[in-house]
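Could you have a look at this structure, given as structure tokens, before my questions?
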Amino acid sequence: MSSLKEECGIFGIFDNKDAATLTALGLHALQHRGQEGCGIVTFDGKNFYSEKRLGLVGDNFTKDNVLKNLPGNAAIGHNRYSTSGNNLIKNVQPFFADLHVGGVSIAHNGNLCNARSLRKELVKNGSIFQTTSDTEAIVQLIAKSKRPRIIDKIIESIFKIKGGYALTILAENKLIGIRDPFGIRPLVIGKLNNSYILASETCALDIIGAKLVREVENGEVVVISDKGLESLKPFPKMKQRPCIFEYIYFSRPDSIINNVSVYEYRKKLGAELAKETHINSDLIIPVPDSGVPAAIGYAESVGKNIELGIIRNHYVGRTFIEPTQQIRSLGVKLKHNINKTLIKNKSLILIDDSLVRGTTSIKIIKMLYEAGAKEVHVRISSPPIKFPDYYGIDTPDQNDLLASKFDLDGIRKYINATSIKFLSIDGLYKAMGYQNRNSMYPQFTDHCFTGDYPIEPTDANNKDFTKNEMSLMSTNR
Amino acid sequence: MSSLKEECGIFGIFDNKDAATLTALGLHALQHRGQEGCGIVTFDGKNFYSEKRLGLVGDNFTKDNVLKNLPGNAAIGHNRYSTSGNNLIKNVQPFFADLHVGGVSIAHNGNLCNARSLRKELVKNGSIFQTTSDTEAIVQLIAKSKRPRIIDKIIESIFKIKGGYALTILAENKLIGIRDPFGIRPLVIGKLNNSYILASETCALDIIGAKLVREVENGEVVVISDKGLESLKPFPKMKQRPCIFEYIYFSRPDSIINNVSVYEYRKKLGAELAKETHINSDLIIPVPDSGVPAAIGYAESVGKNIELGIIRNHYVGRTFIEPTQQIRSLGVKLKHNINKTLIKNKSLILIDDSLVRGTTSIKIIKMLYEAGAKEVHVRISSPPIKFPDYYGIDTPDQNDLLASKFDLDGIRKYINATSIKFLSIDGLYKAMGYQNRNSMYPQFTDHCFTGDYPIEPTDANNKDFTKNEMSLMSTNR
Amino acid sequence: MSSLKEECGIFGIFDNKDAATLTALGLHALQHRGQEGCGIVTFDGKNFYSEKRLGLVGDNFTKDNVLKNLPGNAAIGHNRYSTSGNNLIKNVQPFFADLHVGGVSIAHNGNLCNARSLRKELVKNGSIFQTTSDTEAIVQLIAKSKRPRIIDKIIESIFKIKGGYALTILAENKLIGIRDPFGIRPLVIGKLNNSYILASETCALDIIGAKLVREVENGEVVVISDKGLESLKPFPKMKQRPCIFEYIYFSRPDSIINNVSVYEYRKKLGAELAKETHINSDLIIPVPDSGVPAAIGYAESVGKNIELGIIRNHYVGRTFIEPTQQIRSLGVKLKHNINKTLIKNKSLILIDDSLVRGTTSIKIIKMLYEAGAKEVHVRISSPPIKFPDYYGIDTPDQNDLLASKFDLDGIRKYINATSIKFLSIDGLYKAMGYQNRNSMYPQFTDHCFTGDYPIEPTDANNKDFTKNEMSLMSTNR
Amino acid sequence: MSSLKEECGIFGIFDNKDAATLTALGLHALQHRGQEGCGIVTFDGKNFYSEKRLGLVGDNFTKDNVLKNLPGNAAIGHNRYSTSGNNLIKNVQPFFADLHVGGVSIAHNGNLCNARSLRKELVKNGSIFQTTSDTEAIVQLIAKSKRPRIIDKIIESIFKIKGGYALTILAENKLIGIRDPFGIRPLVIGKLNNSYILASETCALDIIGAKLVREVENGEVVVISDKGLESLKPFPKMKQRPCIFEYIYFSRPDSIINNVSVYEYRKKLGAELAKETHINSDLIIPVPDSGVPAAIGYAESVGKNIELGIIRNHYVGRTFIEPTQQIRSLGVKLKHNINKTLIKNKSLILIDDSLVRGTTSIKIIKMLYEAGAKEVHVRISSPPIKFPDYYGIDTPDQNDLLASKFDLDGIRKYINATSIKFLSIDGLYKAMGYQNRNSMYPQFTDHCFTGDYPIEPTDANNKDFTKNEMSLMSTNR
């Protein structure tokens, strides 16, 4: 169970009279990419309309309430994952700016590495920022551009930003999709009858019965208008290097990335893991739900079945009871419970897709022993995470990464497992069909495992920037 | 996936200074038994305190908000599943009455078969009913009883009610647990250090680290007070006949009923199903999450693995987008999506725990074919449901029960499957370790399959009662 | 400015297709009689409908929101003034009971003197009370009555209650209005085209353009049905003795009681006050808004004008800033401000309609001196209040009544006035056109001034009753 | 009763540890200047804090809820009156911008005549506007200024704006107050112990017990810091010309403007009105509450008393019942009722402070006749309003101004009065102590009566600007 968090899912649709409803459905399918807030902006040929809410799409974007305020045949939408403390409605995207050439609205998945230096420069020249989001720097750059056409303003602006990004942009009579030069963050093109769609994952096409056309390529700008889809390639050509984490945990198992089924890949990771690390034991137990596909692949490759040794409570509310210290000491099992009859006196192989801080693993392993497990052999279907991300994944500080603090045996002791093994880096690439990782031109962005960063994290390396630069603390209701 | 709905989960705790918080946690573990509303009543030695909310426990009963209004060392709680239309806060339990011998509060899981005739009689004699709930009849009977002691008032009252019921009752300085003479609805006794607990299922003990003591027996009244636990058996002795549906679908897989692990029993149902009905196919696919344990048991018994062919969206909000007809025609996949790459050109065995109206099955099978499935062989790990329930399960009208309307081939055609098979009645009993069903003294309440009702459904048979007898429609906010 | 509070305003209408809306308007005109909550019950020939809210009528009963849930041609409504602590939605009237002869709903203005002893008896016999309101005793008595017709049940019940009361009752196809044998609490009959109306004051007729027919007489029961208005007089005939406070402060100045204009009467009180107490001074200043009519009458009779020396802030919110001690010491003027330029170096006659606790007077007099007033002569247009009420007015405990604690000079010192005078008892009756008070058969209920209680306050005299008998503290949302 | 609406009240305080609470109290006293929304921004030496709400100060800024989120010793606040349709939280002031020299927050009372042309220019150069408010142009100008010091940025900006304005600005460690060159909109300086205060009216000083120091002069910039109060006069010296409407209706009667008591001035307007227009009649009736001071002055000067012939309901909610056409035809009296007994068969002089659209007058006069009035002589204590305002008063379109459409007799017929008279222009100036209006250098801004506009209304004269220029319709919750 990963404590890495994706920053956002995006969606766009052009030339469909149900644009807002279909966007809400697409965002609902992408809900796993961000649960803190959601927003939709539409354009009806004359005005832009915006609705934003904290919370889930399905709790907020209902027919009677909100969707009727979103007329128009073109729409973009955004699911936000927010880092703690800035869970403000004004940080919910899409953002909008009223330029003298007309309105423009942007939804962004990813993270800019030079957002703070851009912001500092822009503010010095009179720009007023309204949010704490890195995305606003893109909006302000577009507003400042002296190029006459909106598409040229946008292209001028993306030449100034660095990082991982996928963007959907709604201008008057245009839907624009952009992927960063490495293609770190995902974006696909779909079609529903005659309407073009942009979405972070293919599962957002499936929910509305749309067909996958192709991926937006790395560094590509696609412009969808009444004239159809036009492809621009403003950047020098380079090989793509998508984020490996999309395959390992972010994307939904039913999504397809670059012709690869996410579910099948995770099963293969499990099979590679079995090949590298298997030992005999009574039961193969996935951590639900993150470890299930890898566990099925693992079990299959050793001729066994998975067992549901850990039961997950699907009703975890957002503002639950904070137990007192005394109650906490009872070992309250809010999220998971152990299937005691099954586990008792058994040796277990416990399979998960990743290990970040180890917080959940400690709890689960403790519960398993209390329920009578004899041995708990932890098997992780990806390599140890040792380095933080700067391109759109919310990783803990490096010194909270378990694999950065401890060696293998240190980790084992920390989570109190009988044994622990991770998949190797090469196992990761083998499961994808490669011989091994190409260390000269790595096929994927995998710096969290390897430390090999494709783009310099400018802001992070600049000691001048403090964590909290915004001086306004605000609550508007 | 069953569209049967349990009517409620109950919990009680005595002599614990965190009574309200532990009750909230217990109700959270029982959330699957009712999601429409929840309530807790506590007693602090002097006053009773009550908090009730529509919605989930975890969304409502937080430390700062509500639990601080619930002082006291004794508490009972209730999760409500409400039939449509009466989702009013005043129907949320526990109920309370201020008798001249002191206060009394009741939480009820089950359904009375003679509630309406009791109500009619009580109203004629001057009782004013405040709710549309059958449970209020019990409260009014207790208030009317001329017996001097509260426990005698209660026993006098339960002699007048018929049906399936498990009750937790909080009187001044007493926690009382009652199970109907057949033990149709479940109730267990637990202990956390010195504090006695009553709960619908053992998973509510697990969440707070409490130990299972034993089941409340059929027809037993347990009285927990400062003197410990006292057992009364007011009814003539008879054999228990618990509801088989608790095993098949209501209870959580990690619960233990009458020494039987629910998860293990469901796996055995799967194994019996395989024994009775297996044919060759490419993949064994459970309907998530209801069909997973049976599918594991099935797969194991035929030496194969389950595959996640259907992916469930865990973020289904409560008030989602009602799509327009046009959008509905797109085949919107709000709850489930098909793992297309896996399914394509394969023959499937699709396993679920029950088939009631068939609504979900039709959708899923259609989606499977659209994703390229070659054959879909539906296998249900329980017998056809032909008769409605009157003891606490919200079944559709008999003419909405698919197995009541159609023969096997009719069902197959209706849901458009390649083939369909149900587990036999005897398979149900074999999975439990019996040779077969004892038709003289059936071991379980199984009338939905057999039509063999242990208690006459008085109200249902009385044509004088109209569906909606309450003449007040009210909304208080 | 009186700190006495009326307990409620009531309204009813029969045979009008806008029954709920007209009731909302009538309650709006009666808003001064109670601001804590409001409710309306309607009957559409088949079902009763109820909507209740905390807060003002005008903030809650809007077309789109609530009134559409209240179909039917007959309605009753209620404005509630609640004593602190029990501001619960379930105490908001009208109350409803589903009897076996049909539904009945009641709205009550007044207070029963024997509510607690009635309640004790009813609970002993099995009645379950849902509220802490004395009104519920009436409902329970009606439910218990063995008489076959609803009107006979009601008459049997009112023979058991004692106190001051005006009732509007909605039964199936009947609107009933009742006034206690002394006629302490007010109730008038109006007509709008063919629709009969019952209301606490004539201002509730004016707002909808209805005509005043007559007052409900003391001890009269009026039954309005398709057959028109029928008058019953179940009680032995006695002289009326209405509450003098309705004239002095509760009723709106534009209401007419028993052919007397409230505004004119208050002016005459001012004139009598001038006759009894006038001394020379620079300015005649009313306490706004309560003292204005008396001040006009006073000024007129001495050939002068009133001046607005005190300005009232009309925007006092319900949950305002509780100032810290330090801020409180600044003498914060939330409700009133002094018109400083006017007041400076002037001697003032300060006129108000009553003096209860003196809290506001102290503040205002202090502010006047701080603004430069030379002398402040307080003149009160009613006699000193020395005794508490038990018939529907929320008076403080006797030992909080200033005139009960102190003699005239004591009061003067307490509020720090230059001088203070009250109107005499006979002045009160002279302003009404009488020679003086008839001490044998007083024309009005005036016990707060005289201690002469027409009905024994049974509950208050019974030392067995504690203040808080309800053992359930509840918050439902 | 004026249907002119002031656009806003402002307040600021420096160097007081209760800055936010005192600002809330000051805004509460200024509530009559704007009821749609309110906001407070504070600075604690390091960060700025902002809280904004729709609705009244007293309903929103309570101790526990909001004020605790506003730490710091310096604060500014704003009451907003919003024209219909843009009642959005994001338009609620104070506004804030994070400049590279630090934060700056602004609250504005008034209206800029060239806001739209400024906005157009700023947007062309890359500024992104977030609101539809003219005030944002000032903020953007400050952000764009290249001057190094914040005070110089502000002064550079106010040289570019035209119109009527009073500003309170909170910068890091500075509170700044500014009044436009004519002093059209009001602003006073107060002191509470050592803390300087800025406020729209003196009643906001009274509520917290602060002393009036002096008015901010026309064209003056006052800078309050740790060094005390510094006065800057950047504009060429000119005579002040404050808005006469502040005296006639906007300001509270207990406020003092330029050493003139507003209450006394209004009484003098009444006295002048009597001098110019008196005829005999039975009663002198003010329209409550707006006409009361003038009526007292009028009555005094003719040796009579006012009478409360019209009673106002103080409980008018914000979202009241929209009556159906049928109910509307009943002549529903939501706001006012007639004191019928008083009025019947009388000839009346009806006094109000102004006549704008005549909507309320028509209703009231109709009600008076229906209540039996014989004659209704309307007397208005200010001249006919013929011209719209552009400096901060929300006047209707010129063709909705009754006095612009009709001559005196036309107005009389329209409102159906027996006679109608307005105060003369010279009467207005005489009541102020002048011989007459100085037509070369008018002592007040009085263009609504005279058409003599001190500043050209640039935007209004520019036909290029459409009413709705913002292209984003948004609802954030």
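As written, the chains take the letters A, B, C and D, and residue 1 is the first residue of each chain.
Keep in mind that, in the parts below, contacts are C-beta pairs under 8 Å (C-beta built on N, C-alpha and C of every residue); 3 or more make two chains touch, one makes a residue touch a chain.
If you're wondering where the values come from, they're calculated on a predicted model, not measured in any experiment.
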Figure out the least number of contact steps between subunit B and subunit D, where 1 means they touch directly. 2
The chain whose C-alpha centroid lies farthest from that of subunit B is chain D
Rounded to a whole Å, what is the gap between the Cα centroids of subunit A and subunit B? 37
Distance from the CA centroid of subunit B to that of subunit C, rounded to the nearest Å? 51
Considering the complex alone, what residue numbers of subunit D touch subunit A? 46-53, 69, 89-90, 92, 96-100, 102-103, 120, 123-124, 126-130, 139-140, 143-145, 470-477
Report the residues of subunit A in contact with subunit B in the complex, numbered from low to high. 18, 21-22, 24-25, 28-29, 31-32, 35, 56-63, 67, 192, 203, 206-209, 252-254, 256, 261, 263-264, 289, 292-293, 296, 299-300, 305-308, 311, 313-324, 326-327, 330-334, 337-342
